[in-house]
Amino acid sequence: MIAIAEISARDLLVPLVAAPLIGALLCVFLKRRASDYVAAIFATITLVLAAGAIGNLFSDLDATHRVPLGWLVNIAGESRPAPLVFELSIDALGALMLFVVTVIGFLVVIYSSEYLSPRNVEHPVANGKGRYYAWLLLFVGAMVGIALAGNFFQLFIFWEITTLCSWALISYYQDEASLRAGFKALIMTAIGGLFFVLALVLMYLNLDTDPFAFDALGRLAPGLRSLVFVFLLVAAWAKAAQFPFFTWLPDAMAAPTPISCYLHAAAMVKAGVYLIARVVSASYGLSYGVGLLTGIMALATIFIVVFLFLFQDDLKKILALSTISHLGYILIGCALGAWGSATAFQGGLLHIAAHGCGKGLLFLSVGMITYFTGTRRISELSGVGRRLPIVAVGFFVGAFTVTGVPPLAGFWSKFLILTGGLELGGFAAVIAILLLIESMIAFGFFLWVGQRVFFGSPSFDAPPAKAVAWPMTTAVIILAVLCLVVTLFALPVIQHIPLGM
Amino acid sequence: MAVIDLLIGALILLVVGAAVTALLAKRRAMCGYVAFLFVAVASVWVGVAAFHVLSTGSPIAGAPVLTIAPLNSSLVFTVDGLSAVFLLITSLIAVCTTLFSVRYMLVDERYSLVRYYPILLLFFASVISVVSVRNMLFFLVFWEFMTLASYVLVVFETDNADARRAGLQYFIATHIATGGILLATILLYTNAPVKSFEFEALLESTRALMATSPALIHLILALFVIGFATKAGILPFGFWLPNAHPVAPSPFSAVLSGCMVKIGVYGVLVVFTSLTPLSHFTTVWGVWIAVLGTVSIFVASLTALQQTDSKRLLAFSTIGQMGYIWLALGVGLALLRISPAVAVVALMAGLFHLVNHACFKSLLFLNAGAALYRTGTRDMDKAGGLMRIMPVTAVTAIIAALAISGIPGLNGFASKWLIFESGIVGGFEIPLLVFLVVVAIFISAVTLAYYMKFLGMVFVGKLHIGQEVERREVPVSMLVPQVLMAIPCVAFGVLPMLALKYLYVAANGILPAGYSPAFASLFGSSPLAVNLSLSGLRSGAWGPVAILVAFVGCLVLGYLISRMGAAQTREVPMWLCGEEHDFSEVRYPVHSFLLTFNRYFAKLYPPIPVPRLPRPTAILKLLDIDRWLYYPGLRWGERIIRVISATHAGFPQLYVLWMIVGAALAVIVLFSMGGGP
Amino acid sequence: MVQSSLPVMLIGVPLAAAGVVFTLGRWTRLCREGAAVGGALLTLYLAVLAVGQVLSGASLNCCQMALNLDGLSALLVVLVTLVTAIVIFYSLHYMYHQLRKGLTTEARLVTYYGLLMVFLAAMMWVCTTNSLIWMYVALEATTLATALLVCFFWTRASLEAAYKYDMLVVAGVCFALFGTVLLYSAAAQYAPGRPALLLTELGQIIPKIPPSVSLLAVAFFVVGFGTKAGLVPFHAWLPDAHAEAPAPISALLSGLVIKVGAYALARTITIFAPHYNAVIVFVAIMASASMLIGIFMAWAQDDLKRLLAFHSVSQIGYVIEGLGFGTYLGIYGGLFHLVNHTLFKSLLFLSVGAVMYATGGLRRISQLKGLGKRMPITAACFFIGAIAMGGLPPLNGFWSKLTLFMAGSELHLWWAVVIAVLVSILTLGCMVHAGYKIFWGHPTTALVTNPGLKEVPVAIWLSMAVLAILCIVIGVYPQIIHPLLHRGTECILAVYRAGAIP
Amino acid sequence: MTFAINLGLVLLIGPLLAGVVRKVVRARVHSRKGPPIVQPFYDLFKLLGKEDLQSVASQVVQYAPLVAFASVLVAALLTPMGMRAPLGQYGDMIVFAYFITIAAVAVVMTGLACSSPYSMMGAGREVMMHLVVEPVLIICLITAAIKAGSLLMWDMAAWNYVNGPAISMVAAAVALFLALQAQVGKLPFDIPEADQEIMGGPFIELSGPKLAMFQWAFFARQVVYASVLAVIFIPWGLTFAFPWNVGAHLLKVIVLIVLVGVIDVVNPRLRIDQAMSYFFGVIFVALVAMAFALIGA
C-alpha cells in the first residue's frame, strides 16, 4: 500500500497513454468475445490509471506534473535550440478532460460489448469487433494523449490521431452512407487540422524559446497573437463542428451509437473546445476582437442549430445538432473568459464535463432504443418508456442535464456561463441572455421529444425476457448517476484552472 | 441536538425513503405504507422544528452543508418564521396525501410505482429545502428540482394524452419562468458589492442599484414577479395550472394545489422582504401584484364556474384562491411604507389564506380523488349524489367547499375577511385597492356558486352512478387524511386568533424592524374574537365564537319552531309536474347550470392555441451549407479537374512542346525576376 | 575527406551481380534471383557501412574526387539500396506468379533481374559521383535501365509508355546537359587544371560567374533534372510509365528514379539559391504548380497506378520546393520528404500490385470494392501509405511536410505554404477516397465469387509490411533519421558556405 | 333586550309587513279586498303542521331550512335597527354580508339536493341573481365604510348621521334601493322561484315545516335588508330616545317595504338575462358612488 501511495501522478502518465494503445494493438488480432474482454480490461486499466493520476493531482490542484519525452530536432533549424514537443503533463484542466475521456470511454467500451451483437435490431453485428475495439481503444489513447498533452504540438499530434480514428469508426458499418460520412468528417476536420499546423508554424517562427508551450500566444506580438488564435479557432471549429463546418457531425450519425456517444458527444468534439480552453487558460492579453469572433460565431452556430433541430425527425441527428450547440456554449464560455470573466470560463469548462455526461447518456439511451426497435425516427416511436424504463430514465436525465435543469450538472455550468456573461455586461450580457433563451427552446424541444418517444402506448413488442442487455443498462445507469454527481468532482477542479489575463 | 438537525434529518430520511421505496416499487401496497412511514416521521420532525421557530420567534440555522466556491455560496439550512409556516403546511399535506395515496395508487397497475413514491418523497424534500435556504442559488436549485419532481408526477399517467400535454406545458412554462428568475438573480449578483448569492448580499445589491438604475430594478422585479406568478398559477402566467392539476394522480393534485403553488408566494415574499429594501418599488410592485391577483381571481373563478370536470374546476379555483393571496400580499406590500398596520394585517391575511387554502384545497382534491377512486370519472355529469354512499367524504367535502367559499365559521372566511378589511382600509390610501377588493368580494360569491355546483353535482342530490361502481365509502386510509385536513378548516375558522398569533411571528420576522405594530394593538386582546384596529380606531370585528353561539341558538329556535306542528314525514317520488320520466332523461346537466351567467364570461379564458410551426423550407435550405456551398464547391473542383485533365492528351509531340514552352518560360521567369544576389 | 573504396564497391557490387544474372541467370534460379538478392543485400550492407562512416562528418572519396560519398550521397545510397532490396524481395514471388500465369518467360526474368542490378548500379553512380557531367551521364543510365523494365511485359501499352518515357526524359535531361555545359564554360577559368567541374567546388565558383549565365544554367537544370523528377510541365512521361510498368518497377520508378532528379537538383540549384532570390521564388512557383496540377490530375484518375503516379508529381513538388528554398530547414524538409515519399509511395505501389495480384490485374477504382474484408493486410498497408502521404501525424509524411511549411514560412513565402497546405489536404482526401472505395464497403458480386480473391502470400505482404513499419517508425520517432538528414543538409550547406563571401 | 328587539322585529314584523303589502298594496291594485294582514302567520302555522313529504333522503334538505332561518336571524342580530346591534361588536358589514348569503346557500343546496330539473333550474337562477345583486349591497356598504373609516355598521350609520348626506352616500342609497327589490325576491326579480314557470324552483319538493321555515326566513330577510338601507343611508332618528329610535327605524322599514310592494305589483317578471343586465347597471351606479366616496365626495 505504501508503495502505491508513493506513486506520483507523473509516474502514471506514460502508462496511461500506453495502456489503451496496447489494448488497441491486442484487439486487432482478436475475434468476438475475446475482444470484448480485452477491450474491457484495458479500458479498466486506463480508468484506474487515470483515477490514480487525477487522485494524485487532487493533493495540489494548482500543480502541473510534467514528463518531458523528447525534443524535435528536425524543425530546429541551424541556429536555434530544438523545441520540446513530446511532453506529457497533467494539470487541473487536463485532469478534467482526462476524467471525461476515460470514464465515458470505459462506459462506452462496456456498452459496446452488447451493442455490437447479433441481437441488435438496427445493425446486427456478428464479427468485426476486434477492428472496432482496436480503433476505439486507439481513440481512447489519443484522447488521453490530448488531455495529457503538455504543449500545442503534442496536442496536435493526438488531435490528428483522433481525426483518423473518427474516420474509421464512423465508417464502421461500411455502408454507403457511413463511408461518405466518415470521409466527410475526415476531410473537414483535417482541414481544420491544417489551420492548426499553420498556427504552429507561426508560433515556431516568432518564438525562440518554447514555441509550442501553452502560453506561447501570450508571448507573441498582439497582432500575430490574434492571427494565431484565429487559426486555432478555425481548427477548433472544424473539430467541434461549429459553423460553418458543422455539417459533418449530423452525417456522422451513421456511426454505431456508442461511437456517436463517445466521439461526437463526449470526447473528440471536445478536443476542439479543449484547445481553445487551453489557449484562453494560458494566454495573456487576448484581444477583445478574438473573443468577439469566438462568441459571435458560437452564438450563430447555436441558433442555426437550434433552428435545424426543431425540424429533425431522426433522434440521433437531434442529439448531434444539440451537441453542436453545446460546444458553442463551451466556446462562448471561453470567449467570455477571453474577455476576462473567470466565472464564465469555469462554466464553459464545467460544461465539458456536464455535457459529456449528459449527451453521452442521451446517446447511449437512444442507442438502446435502436438496439431494441431498429428505428430512431421520432415519428415511428412511442411508448418506449413502458418497455424500456431505464432507457426512459436515461434519456430524461440526459436531456435535463444538457438543458440545464438543476440539480443536474448542466445547470451549474450554464449558470456559471450566464453569471459570467452578465458580470461582464454589455454585449456579453446579450450573449448570456440569448443563451438562456436557447436553453429554454432546447429544453422545450427535448421535453417534447422525450414525451413523444417514451410516453403513450408502446409502438413495439416487449423485448424477450432474456435480452436484459446488462452492459448497456449498467452504462446508462452509471452515466445517469454521473450526471448528478459530476459537479462534485468538477467544481473543485475548475477553480484551479487559471485564466490568463 | 439542535432543532435544525431535525430538519436536516427529515431531508435525509426522505431521500433514504425515496431509495427504499424505489426498491420496493413492485410490491405496491408495501411500498405505499413504507413511503407513508418515512413521510410521517419526517413530517413530524419538520413540524416540530417549524413549530419551535414559530413559538420562540427566533430563526434557527445550521452549519454549511455544501459550498460552491466559484459562486461564493454555501448551502445552509435556515428556518425563520416565514419558512416555518410553509414547513408546517408542507408537513400536514405530506402526511395526508401520502396516506391517501397508499390505497389510491393501488388501483391502476399499468404504471409502476417507481415513478410515484420515490419522486413524491424527493418532491417533499425539495419543497422543504426550498423554503429553508437563504441563498438564492440553492433556492433556485431546489426550486427547479421541485418542478422536475412535480413534472414527473404530473405526467404519471403517461398513456393519457391530456396528461402529456399538460405536463409539457407545465414544465416548459415554469422552466421559462425560472429562467427569468435566474436572470434576475444573476443580475443582482453581478451588481452585488459582495459577490454572493446570499439574500443579504443581494439585498445590498438591490439597494445599490436602486440609486443608480431604477429601470433595471424594475426589470429585475418584473422577472421575479412573473417567475413566481407562473409557479403560483397567477394569470396570465399560470395558464398551465388548470391543465396540469387535474391530470396528476389526485393525491398529488392535492399536493400541487395545496403546497407547490404556495412556494411561488413564498418566492414573492422573499423577493420583497429579503431581497429588496423597503422603498417606493415595493409600493409600485405591491400594486401590480394586487392587480395580478385580482385578474386571477376574476378570470379563474368565472372560468371555474363553467367547468364540468370536477378536478379542473378545483384547479381553476386554485388560481382564484391564489389570486386572493396575491391580492393580500399586494395590498400589504403596497402599503408597507404608507400604513404599516394595514400592511401587516394584509400580509398576515395573505399568509392566513395561504395556510387555509392549503388545508381546504388539498382536502377538496382528496375528496375529488376519493370520488374518482370510487366512480372512475371526473365528469360531474356522470356521477352524483355520492353523499349517500360516501358520507364522510361528502361531509369533509362540504366543509372544505364552504370554507373555501368563505362561509363564516370556517377558516376561509376568517382569512378572506381579513383580506377584505385590510384592502378596504388600505383603499383609503390607494383607492385602486378598493376596486380590487370589490372584485374579490364579488368573486367570493362566484366561488360560492361554483362550489355549490361542485357539491350539488357530485355529492348532494340523487345517487347517480354507473352499475360497476362499488357502493360504499372509500377505505379508512383514505378517510383519515380527509378528516385530518378538515380539522384545521374548522379549528381556524372558529379560533382564528390561534393561527394569527403564529402568523404574526412569521410576518414580523420578515419585516424591517419597527414596521409591525404590536399584535394586541392590531387584533385586540381577546383570544376568541378578532377586533381589528387598522387606522388607530377599531375598524372591524369578527367574533366567531359569539356569533356561532348565536347561530346555534337560532338553529335551535328554528328547530323548535319547525317541530311545533309535529309534522309527520312521508317518502314520495319526485314530482315532475305529473309526467313520468326516467331520472336520467330529466337530469339537469352541469353545463346548463348557470349557463346564462356564464355566457357573459365565456371568452375570459380562451383555449390556448398551440402553434403548429410550418416547415420553413426556405430557411432550412439556406442553413444547409452543404447544399449551397460545399457540394457546389466540389462540383466546381470537378470541373477544374476535367479541364486540366483534358490537356493531357497523350501525344508525345504535345509533351515535347510543353517541355520547350516550359523551358522558355523558365528562362523568361528567371530573368524577368532579375538576378543579383 | 577520407579515401575509401566504398563508393567504387557500391557501384561495382550490383554491376557484378548484374553480370552474374545475365550470364548465369538462365541456368538456375539461384543465379538469377539469388544473385539479385545477394547483390542488393551486399550493396545494402555496404551502404550501411558508408552511412556509419559518413555520419561522423567525413566524406568518402576515391578516383581523385570523381566519386565522393558525403552525407547526402549516403542518405540516397542507403535509401536506394534499401528500397531496391525490398522491391526485389517483393518481385521474387510477384514475378514468379506472372511467370506461372504465362505473362512472361524465364528468359525475360533474367533481363528483369539483370536490369534491376544495372539500375541499382546506375543509381549508386548517380549518388556517388562528384562530377556534374558524370552525373548527367549516370542519370541517363538510370533512364535507360528503367525504360527497358517499363516495357517488360512487351505489351503495346507498355511499349508505348516506355517509348514516351525514354524519349521525353532523354529530351528533357538534355536541357540539363546544356546547363552543365554552360556552367562548365563559364567556370573553366576559375578552376584551371581540374579534370572536371566537381560538385563540391561549385560553391566557390558560382559567385564568380556572371548572373546571366548562372540564371540560364539554373533554368536549364530545373528543366532538365525537373523532367527526370517529374516536375510540371515536364511530367508527361510519368503517368504512362508508372502505370504500365510491372508493379515493383512502378514502385522503383516512383520511389527512386524520380528522386535522382531531385537529388541532382539538390546538388545544383541549392548552391544557386542563396545567391539569387529569384531562384527560390522560381522553384517555389514550379513546385507549387507541380503540386497543384499533380493533385488535380490525381483526383481525375480512375486507374490506381496513374493516380499514384500523379501523386508522385504532386509530392515531388514538395521535395523540390524544399530544396529550392536553399535554407537549412528547406533542404532538410526537402530531403526528409524525399525519404518519406520513397517509403510511402513504394508502399502504395506495392499495395496496388498486391491488389492486382489478388484480383487478377484489376486496377481501376470503379472495378474494385470492399476488398478490405478479404485482404486486411494490404488494406492496412495501403491506408498507412495513404495517410502518410496525406500528411497526418503520427506517420512520416507529416513531419517532412511540417518542416517544409516551417521553411516556407521562414522565408515568408506564405502563398507557397498555403498552396502546400491545401495540396496536403487534397492529397489526403484523394488517397483516402480511393482507399475506401476499393477496400471498404460491401464487395461487388464479381469480386465476392472470385475464389482467388484472398490475402496475398506472406512473401508479398512482408515487403509491404516492412515499408509500412518504416513509415510508422519514422512517424512515431522522426529523430531516428535525423543524423542522416542533418549530415545531408550540412553537406549542401557546406558547399555553399565554402563560396560565401565571409 | 336588543336581541329581543331585533329578533322580534324580523320574526314578527316580517310576516306582518308581507301581510300589509298584500292587503294594502296588492289587493288595492288588484281592486280586491285581500286577505287579513296576519294571513302570513296563518299560512306559516298551517305549514308547520302539515305532512313533510320527502322525495330525496338528503341530510342537506333536512337542515337547509333551519340553516337559512338561523342565518337570517344572525344577520338580523348583526344589523343595527335604530340602535346598536346586539352582536355588532362581533361582526362588521362583511360578516353581515356573508351571513345573509348563507340563506341563499341553503336555498341553492336545497334545490340541488332535490335534483328535480325545476329545482336545479331554480337553484341556478338563485345563484345567478345572488351573484349580481349581492355586489350592490357590498359596494354600497363599502362606500359607507370608506366615508366612515370603519367597517362596523353602527359606525357607518353614526358617521352619516353626524356628517350629513354626501353625494356618494346618496348615490349608494339609490343603488341599494334598486337592489332591494331583488334581495327580497319580489317582482320583477322573483326569477328563482317563479311559481308560474318553474313551480317555486328550489322549493318544489318542499312541503310542511321546511317550506314554512324558508318562508319565515324570507319574511325576516326583507326586514333585514330594508333595515340596512334604512339605518345606514337614512340615518334619521338614530339619536332618539329608546323606543322612538326603534319606532323611527320601523317606520322607515315599513315605507321601504311598501315601496317594494308597489313595484312588485305593477311589474311583470323579467327574464334572468334581462335582470342580470339591469343589475350590471346598478353595480355600475354603486361603483360610481364608491368612486365618489374615494375622492371624498
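Chains here go by letter, A, B, C and D, matching the order in which they are written, and residues are numbered from 1 within each.
Keep this in mind: contacts are C-beta pairs under 8 Å (C-beta built on N, C-alpha and C of every residue); 3 or more make two chains touch, one makes a residue touch a chain.
Keep in mind that this is a model prediction, so the values were computed, not measured.
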Touching subunit A and also subunit B, the following chains: C
Chain nearest the overall Cα centroid: A
Centroid-based (C-alpha) most distant chain relative to subunit C: D
Centre-to-centre distance between subunit C and subunit B (centres being mean Cα positions), rounded to whole Å: 80
Rounded Å distance between subunit A and subunit D, as computed from the means of their C-alpha atoms: 78
Euclidean distance of C-alpha centroids - subunit C vs subunit D, Å: 117
Rounded Å distance, subunit B centre to subunit D centre (Cα mean): 39
Multi-chain contact residues (two or more partners), subunit A: none
Where subunit D touches two or more other chains, by residue: none
All touching chain pairs, where touch follows the definition stated at the start: A-B, A-C, B-C, B-D
Subunit C - residues contacting subunit B, complex: 163-164, 167-168, 171-172, 175, 207, 211-212, 214-216, 218-220, 222-223, 227, 233-234, 236-237, 239-240, 274-279, 281-282, 285-286, 293, 296-297, 299-300
Sites on subunit B touched by subunit C in the complex: 637-638, 640-642, 644-645, 648, 650, 652, 654-656, 658-659, 661-663, 666-667, 669-671, 673-677
Touching residues (chain side subunit B, partner subunit D) in the complex: 384-385, 387-388, 402, 405-408, 413, 417, 420-421, 424-425, 427-428, 431, 434-435, 437-438, 441-442, 445-446, 448-449, 452-453, 455-457, 460-462, 464, 529, 531, 535, 537-543, 546-547, 550-552, 554-555, 557-559, 561-577, 583, 586-588, 592-597, 599-600
Subunit A residues within the subunit B interface of the complex: 243-244, 246-247, 304, 307-308, 310-311, 343, 346, 383, 385-386, 389, 400, 405-407, 411-412, 415-416, 418-419, 422-423, 425, 432-433, 436-437, 439-440, 443-444, 447-448, 451, 454-457, 491-492, 494-495
In the complex, subunit C residues that touch subunit A: 328-329, 332, 336, 370, 387, 390, 392-394, 398-399, 402-403, 405-406, 409-410, 417, 421-422, 424-425, 428-429, 432-433, 436, 440-442, 478-479, 482, 485-486, 493
